[in-house]
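Chain naming follows the written order as A, B and C, and within any one chain the residues start at number 1.
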Amino acid sequence: MLQRLRESKSMQGALLALPTTLWLLVLLIIPLFLTLVVSFGQRSPDGNVIYSFTLDNYTRLLGYNTDCPAGQSSCFDPLYVNILWRSLSLAFNTTVIVITLAYPLAYFIARATPKRRNLFLFMVLIPLWTNFVIRVYAWMMLLRKEGAINIALGWLANLFNIPFAPLEMLYTPGAVLVGMVYEFLPFMILPIYTSLEKIDNSLYEAAADLGANAFRTFLRVTLPLSMPGVVAGTILVFIPVMGTFIVSDILGGRQVILVGNLIQRQFLDARDPTFGSAASLILMVMTLIVTYFYTRKFGFGEEIVSA
Amino acid sequence: MNPHKRSPLVIAAASLVYFFLYAPIVILILYSFNASRANVTFEGFITETSSRVVMDGSLVKASPCGFFHWYCDLSRNDDVIEAAENTLTIAFTATIIATTIGTMAALALQRYDFKFKPFSQLSLYIPIVIPEIVMGIGILTLFSQTFGALNSALNLTGDSRLSLGIWTVTVSHIAFMVPFVTLVVQARLQGFDKSYEEAAMDLGANEWTTFWRVTFPMILPGVLSGALLAFTLSLDDFVITFFTNGPGSTTLPIYVYGLLRRIITPQVNALSTVWILIVFLAVLALQWLQSREQKPAQ
Amino acid sequence: MTSEFAVELRDVVKRFITPEGNEIAAVDHVTMQIKNGEFFSMLGSSGCGKTTSLRMIAGFEWPTEGEVYIEGKAMGHTPPYQRKVNTVFQSYALFQHMTVFQNVAFGLEMEGVKESEIKQRVGRALEMVQLTGMERRKPKQLSGGQQQRVAVARALVKTPEVLLLDEPLGALDLKLRKEMQLELKALQQQLGITFIYVTHDQEEALTMSDRIAVMSKGRVQQLATPVEIYERPVNKFVADFIGESNFLEGKIKSISKDEAVVHIPALNADIRGMPMARDMVNGEEVIVSIRPEKVRIVESGAKTDGIFKARVMNSVYIGSDTHVYAELDGVRLKVMEQNRISRLDPSSFYNKDQVISLLFLPENTLVLKKD
């Protein structure tokens, strides 16, 4: 047996990969499958799952209600479709803003002298190492009516003698957007930096030698070569934004409800795991479709683990 | 041509982004010294020291710890201490297990061919391409359904009933950490020249000795950065923990989240500041160790 | 010593599956016997199977068919750490996390040698390769040549019966390579052990080896001494690969044991040469091979057999020699002449379109089988 193991490379490999594969099978793949099963079930009055096969949860999500106002047999309720759409567009907006902010900084770091590069990179990482929840809380303090932003604005207004009333910023869609951008910015900076840093300096020299000015060099050399970083960063930002519920919960109050909040409530307050599972699967399918088309177009770089 | 030349526009943009990254943290830390218990506006520092806490309405006038009143307050908060203990226990246990099995898997995927290799490799991307909440509720469903079934099948009652707790959180953390460890170590292994191992075997070392004397020391930096990544992921995790924790297994992020929905005193800011400080010092120490390691021994 | 041969490969085949799923034989029915104490080279271009053969001797690969014998013992699936051979790697494979001393000591540690003895033997090994005093350096702090020496010391400290060297000088610059060639050869003679040396550099192989196996497409084309390989190549591949050769196609008109008369249609003439295979028959299609330096340029008045008039296409002065490219009835030939007399413009003697007379002596002309 031992002799066979020593000589069989495939047995050794299988044995080495087994713990991880089993772990992922039991705790990631089987749960996904269970979610699928539950999503076709029905909710029992005490909040448990009755296993059956019904598409009710899905039709309800897509807006086709069964309990309609009197006299109507079917009716359209856009509530959940709106939530899905809101999540999608928020994720899109967040990603675009994050790219716009992250790119100049990543470029700045990549072109710094090697010694300073580490310091600048370290400065990006520090906020990332403070806790996710703590970072949301920091924004709550900033955005409040009595918060630092309003104080600063009031002070400025006073300086120029403009009448000023504190802005209501907390519990708005804008607050959620800012929070999301802040939370996920480092996840874009790091992969873009990684791909920029890989670009050989001689390429810039070659471009200059061939007559390209700084702007054209950027457009024709730097930008295309850093695309793998942007792609990886987009995946690292877009997907979590789609599923996060804390940011909207704390900075959006009850005003901004995203898919994440919807799912969370089904499992805690509303106690309807079947509906929550269906919503969760729709969320997964949405992210997978976006990722699939996005990576098919741009590829899936190794920068993904750079963060 | 100077490769390090950057246009003032880039420098300005970069500075603004750094400001955006740091302003909230600075404010957060500042408010941890707030005299106001309500912590809505900044009412100045606590300037006086006294043997007992002196309050004026919701303002702390004087405290035995003076300026650091909220830090002292924090150190007496048993819930925080329990949450911190839980967080660290989970993070350490999960990191050790995830790093071990993740490194094994990376070796397998990079070096060997075996039947279920494509499946193993593909499953690593699940936590990257699927939102955490989807995994969270999936794992919750798995636990609640199997626990329910087992509890009734084995007639378990009272304390012996299977329920969510520290171990369910740990096991779930490992699940989402392992792929990151594996991918990081795999990336390091890609540049690994097999002839080092062949040389060791050629010199008389068997497979086991070769691994521990040659392969492992050479991939150690990769394994360590994988472990560090895993550890920070665990410390930072909210969503998976949220769905898999039970009574007595509250972690710091869960605890803070709970507070945010109720009353917030500057104690939360003090907690955040301590957290930032510890993480900062830990990473600094690690960097220092690494730079010392890399210095050539003349 | 139990066997006359240090290493023996008997009908060894090694097949690999390419990433595209095709099966290829990297080593294809190779048989060779390497004698004790000899400096043996495997020579060929990349992909000829030389490195794979070496790796099968070391134990990094196992033959698909056939058997490798070391000291007369069949190796089967014996792992590398149980074979009495040691390897010097092309990349040196020095352990970066260990010092020079630790690298060299590693093999002895594995044998369980006492610490005091390790110290002594490592010291002697480093002295042998002139690296005394470098014990505490890390490999990265050494020059390429020094790293190479550490790799040799690390393998030799184990006192193997056979030392395997996989292109050990490939990464060094030309001057250092020449120095190391002589040093390695001296080391081998001093220690009296068997060296099996893999290289793609023919000059290196010719300089150092007692015997050479010229390999191509997984097969041994010729296994002989350097002189035999150069002067009596058995086929067109060897004649072409080692040094340079002019080839002419023809048909045997008459043949005896040591001379064949070959009719060359392109020249519409007969050439006499030495048959390089026993089984040639009258009327067989063959190739006539003659080395550039063995073609003589003679006075145009001379009247002997084997003289051909040719037209100069181009002549190149390269210092010690002049290379003349000449055309002989549509056949291009290369002729090399030593510059024995100092003059400022050697090319003035061989101008373009000048007609010269070339002499092919039968003892310089080889008749090779067509494949």
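We take it that a contact is a pair of C-beta atoms (placed from the backbone, for glycine too) under 8 Å apart; a residue touches a chain by one contact, two chains touch by 3 or more.
As the structure is a computational prediction, the values presented were derived from the model and not from experiment.
**Q** Looking at B-C and A-B, which pair shares more C-beta contacts?
**A** A-B
**Q** Using C-alpha centroids, which chain lies at the maximum separation from subunit B?
**A** Following the centroid criterion, the farthest chain would be C.
**Q** What is the distance in Å between the mean C-alpha positions of subunit B and subunit C?
**A** So the centre of subunit B lies 59 Å away from the centre of subunit C.
**Q** I'd like to verify one number: the distance from the centre of subunit A to the centre of subunit B, where each centre is the average of its C-alpha atoms, in whole angstrom.
**A** 18
**Q** Where does subunit A touch two or more other chains at once, residue-wise?
**A** If we look for residues of subunit A contacting two or more partner chains, we find 6.
**Q** Could you list the positions in subunit B whose residues touch two or more of the other chains?
**A** 207
**Q** In subunit C, what residues contact two or more other chains?
**A** 79
**Q** Please give the residue numbers of subunit C that touch subunit B in the complex, ascending.
**A** On the subunit C side, the touching residues are 58-60, 79-81, 85-87, 89-91, 93-97, 99, 106-107, 110-111, 136, 138, 140-141, 154-155, 158.
**Q** Would you tell me which residues of subunit A are touching subunit B in their complex?
**A** 6, 9-17, 19-21, 23-32, 34-35, 38, 49, 101-102, 104-105, 107-109, 111-113, 122-127, 129-142, 144, 146, 148, 182, 185-186, 201, 204-205, 208, 214, 235-236, 239-240, 242-246, 250, 260, 263-264, 267, 273, 276-277, 280-281, 283-284, 287-288, 291, 302, 304-305
**Q** Along subunit B, where are the residues that touch subunit A in the complex?
**A** 1, 3-7, 10-11, 13-14, 17-18, 20-25, 27-28, 31, 40-41, 101-102, 104-105, 107-109, 111-117, 119-120, 123-124, 126-135, 137-142, 145, 171-172, 174-176, 178-180, 182-184, 187, 207, 232, 235-236, 238-239, 242-243, 252-253, 256-257, 260-261, 264, 268, 272, 275-276, 279-280, 283, 287
**Q** Could you list, by residue number, the parts of subunit B that touch subunit C in their complex?
**A** 193, 195-196, 198-207, 209, 213-214, 217-218, 296-298
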